[in-house]
Each structure stands twice: as C-alpha cells, then as structure tokens.
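What follows is one structure encoded as structure tokens, with my remarks underneath.
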Amino acid sequence: MTFKVDFKVRDYECDLQGIVNNSVYFNYLEHARHEFLYAKGVDFAQLAKDKINLVVIRSEMDYKHSLIPGDEFYVAVEPVRISRLKFAFKQIVVRKRDEKVMLNALVTGTSVNEKGRPFLPPEIDNLFKTEI
Amino acid sequence: MTFKVDFKVRDYECDLQGIVNNSVYFNYLEHARHEFLYAKGVDFAQLAKDKINLVVIRSEMDYKHSLIPGDEFYVAVEPVRISRLKFAFKQIVVRKRDEKVMLNALVTGTSVNEKGRPFLPPEIDNLFKTEI
Amino acid sequence: MTFKVDFKVRDYECDLQGIVNNSVYFNYLEHARHEFLYAKGVDFAQLAKDKINLVVIRSEMDYKHSLIPGDEFYVAVEPVRISRLKFAFKQIVVRKRDEKVMLNALVTGTSVNEKGRPFLPPEIDNLFKTEI
Amino acid sequence: MTFKVDFKVRDYECDLQGIVNNSVYFNYLEHARHEFLYAKGVDFAQLAKDKINLVVIRSEMDYKHSLIPGDEFYVAVEPVRISRLKFAFKQIVVRKRDEKVMLNALVTGTSVNEKGRPFLPPEIDNLFKTEI
C-alpha cells in the first residue's frame, strides 16, 4: 500500500476508557479514502453535489491494538476491484513509532445516482481498473 | 432479537450526502450494546473505572439502506458466545415506519484487565452463557 | 421555556475525563433547536435542500456541571428575536433527577440564501415574531 | 498569537449543509488548546489520569464564515489569565489560502481535583502567569 495519510490522535477522539473510540477509526478510514480519491482526481464532496453518491455497502474491521492520546499514525489505502459495480479498499492503521498495525479493514463500496441506481462514474471505474 | 433501543436520527449525524454518516452507525450500535449490558446488570462505564475494559476486536457491517434526517429506528441486540474468551453481538438497525432492515452487524469483543490480559468478569461470562 | 427534548447520555459521548465532552453539548443544543423548529413547521434539512441555510453566528455557553454516563436530561428551548435578520435561542440543559441546570446557552443565528445573502423565510420570521 | 496548529477539513466533519458542523469547531479549538498545553509541558490526558481535570466553564464563539470540504486552516491560541483560579484562551480559526478569520473564540476554564474542588496545578498556574 503506497498511499498513506498521516494522523495524530486528538484527545476528543478518546472515550471514557482513555483510548480512541471504535467509531473514530471509521472516521480515520473514511478521511484516508477520500484523500486517496482526491489524489486520483475524484472529489467526493463535488460528486455528492452532482448527486452521485459513493456509498459503503460493507465493512470488516479487525481491531488489533488501541490508539491512545498523542499517538501518531498513518492510514494506508489500497484499491481493489470486486466486481463490475463494486470496489473496495484494503486499509490499515499503523502506529508510527513502532510500525505496529493497529487495525485491518476491508471497506466495500459502490456508486449510485440520484435515483439510487448503481452508476459508476468513469473516473471511479478507471481508478479501480488500473490498480488491479 | 428481543432487546431493542429506540433512536431518532439527529441532523448533526448526517454528512454532506444528506444521510447518516457511516461512522455514526457504530455509535448507534455501541449505545445499544451498552444499554443491553446495563439492563443485564453490567455497567460499561463502571467497569472502565475498575480497569476492566470491554473491547471490540472485530466488526462486520452490511449497509443495506441509508437513514435520513427525521427517521425513527431501533437497534436490536442479540448476544452470541463465540469462545471461552470471546463474545459477540448480532445487531440490526431497523427503520420503524416500514420495519426495513437498514444495517446488519456482527460485533465481536473480549474483556481485558489493567494489564491488557484477557479477563472475563463473571457477570459477562454468565450473560453470554445463559443466552446460548 | 415550554419546549423540551429528552435525552440520555450515551457512553461514546464521554471523553477521557469520563464526562460528556464539551463539544457534544453543542450537538444536544442543535438537535433540540431543530426539533423545536420542526414542531413549528420548519424543516432544517428540507431548507438546506432548498439552499436556504440557517446558520449560527454566535454562541455563548456557560458550563455549570458535567453530565456523566447514564444521566437523563432535557434541553429546553426558548426563541428570542434579536433584530430584523437575527434570531436567537435561549437554551438550558437540565439533569432530570434533581432539575439541576448543567448548562446555560444563548445561540444566535440568521438565515442565508444560496448566494450567502441574508434571507429570512416567512416561516422563520413568523416563528420569532409570535414568540416575543 | 504565536502558537498555531494546522488542520484540514475532513469530509465527515461536514453536515447536510455541506459545511463544517458548528460543534466541530469546538473539537478543533480543544485540540489546539491541548497541543498548546502539551507544548508547554502540560499533558491533559495525564492530568485526567491523575484525577486533575481541566474544565471549560464558559465559551463564546463568533462564527464569521464557514469552512468547507478541503479547506486548510490553522487555529491560533493565546493564553489569558482571568483570575486566581480562572484562565482563558483567545482562539481564532484562520483559513490559510486568504488568511480570513473564520471564527473568533474565548474559552474560559478552571482546574478541579478529584473532589471537584478548584485546584490549579503549578504548571498551569505558571503557564498563565508568564504569558500575561
């Protein structure tokens, strides 16, 4: 996985156990995916304005270790083509100081138009074609 | 699934696509699990104070349909014993007006003590025993 | 203040101090305002779709006491007209078991159209007129 | 204000109006304050573990303009001593591309011990002394 986004844990992301709340990893992964897409010329926010919605249809996440306040980490992103209308992202969350994998994820998505019908814009289609 | 927690979508939970953000379902599911545990005599926040942390080790979520502003829904919770030290929750998110299943989830957890070692408190152990 | 919305603290809303994070009160207040507006026939989400945005221009919040896991509380809302184009909401967060005021807030807003110009839809205008 | 923390808007921070949700500015401001404190030798998370809680007692925020997806900005922090037991932070949110001030804030806090009594640790006391 060559695409990486750097992060640092913010205290408000931690819950009463003093560790990053499980739901927040979802935020990290989403931001990394959108940065990946943006780097490849796909603007998630603009697509939403154009009534084309990229949507997650399945997520699998394995929590290995917990991030704590102050931790610096990166999220790596690797695109995977699943089928004609489905694409996925392999993602890992890696703590920087020891390169420990904190979380493994596979997030599968598709793209729908204003009517909720499957519609893969060419730039998405190409993006996942070229990466296989 | 007989244990249910009622919710209503709050506008701030929706993102720029105008639908509930994916990460927020995680919040809904967590709250429903904690309410389930509390109803069974297990207080998540008190356990955390006692340095016993219930932690999620894996989540699988299938997003079927999107919740939108104003939607009323419930989250149902069913406990499942996985192994001696692992337990899980089957969870569904159901829109009330038509009983449509919006999301299916399986969330697997374990319990660790202050040293991060597996430790299942008796009340957790019993909870998942009796429900098989 | 006669308009009230009931809430219960969710564990994920608490931070590493074990209390509800300061930013979350903002979420509570916003949800209560939107419920108030909705009860009066003003749909925030629909307005946003129609490119009319209700926006907060100033907030003042006095934090008196902290909500903790499990607390049940309500948020009361009282509309106040500030000027021709500005309106405000007096809001308090009250813990149910002892009617203790946890937070006092004054949130001032206005309404803008697609071009960012001030535009008060009649239903908003009337809402704050009649309440003086 | 010489202390600054860099940020970039993440799509999940935006709400159905397509702009950063009001509550999220609170997160930005908190993170910037904690980074400021950390840079000065005060570790918020460690203090919480030691049962010394820095708490916000009042916030005033003026929303000037809205951040949107992709915006890069910084939050500047300036400490102000209010009284023997109270301290404050002047904070501004500035969009980088044109140095436009998006938000002005004054956040007042104090410090309490395990019993909820006012207690200002020396490192906090000194921090606000030297900055006047």
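In this document, chain identifiers A, B, C and D correspond to the written order of the chains, with residue numbering beginning at 1 in each.
Note that in this section contacts are C-beta pairs under 8 Å (C-beta built on N, C-alpha and C of every residue); 3 or more make two chains touch, one makes a residue touch a chain.
In UniProt terms the chains read A, B, C, D = 4-hydroxybenzoyl-CoA thioesterase.
Just so it is clear, the structure is predicted and the values come from calculations on it, not from any experiment.
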Query - Maximum centroid distance from subunit A, chain identifier (CA atoms) - result: C
Requested in this report: With contacts defined as at the top, give the pair, A-D or B-D, that has more of them.
Outcome: A-D
Query raised in the report: Cα centroid separation between subunit C and subunit D, in whole Å?
Result: 22
Report task. Could you please state the distance in Å, as a whole number, between where the Cα atoms of subunit A are centred and where those of subunit D are centred? Result -> 28
Requested in this report: Determine the centre-to-centre distance between subunit B and subunit D, using the mean Cα coordinates as centres, and give it in whole Å.
Outcome: 32
**Report entry** Overlap residues in subunit A, where contacts from two or more other chains coincide
**Finding:** 11-12, 14, 16, 18, 21, 23, 27, 30, 45, 48, 69
Report summary line: Counting only contacts in the complex, subunit B reaches subunit C at residues 10-12, 14, 18, 27, 30-31, 34, 38, 43-45, 48-49, 68-70
Query raised in the report: Which bits of subunit A are touching subunit C when the two form their complex?
Result: 11-12, 14-16, 18, 21, 23, 69
Query raised in the report: In their shared complex, at which residues does subunit B touch subunit A?
Result: 16-17, 19, 21-24, 26-27, 30, 45, 48, 53, 55-63, 66
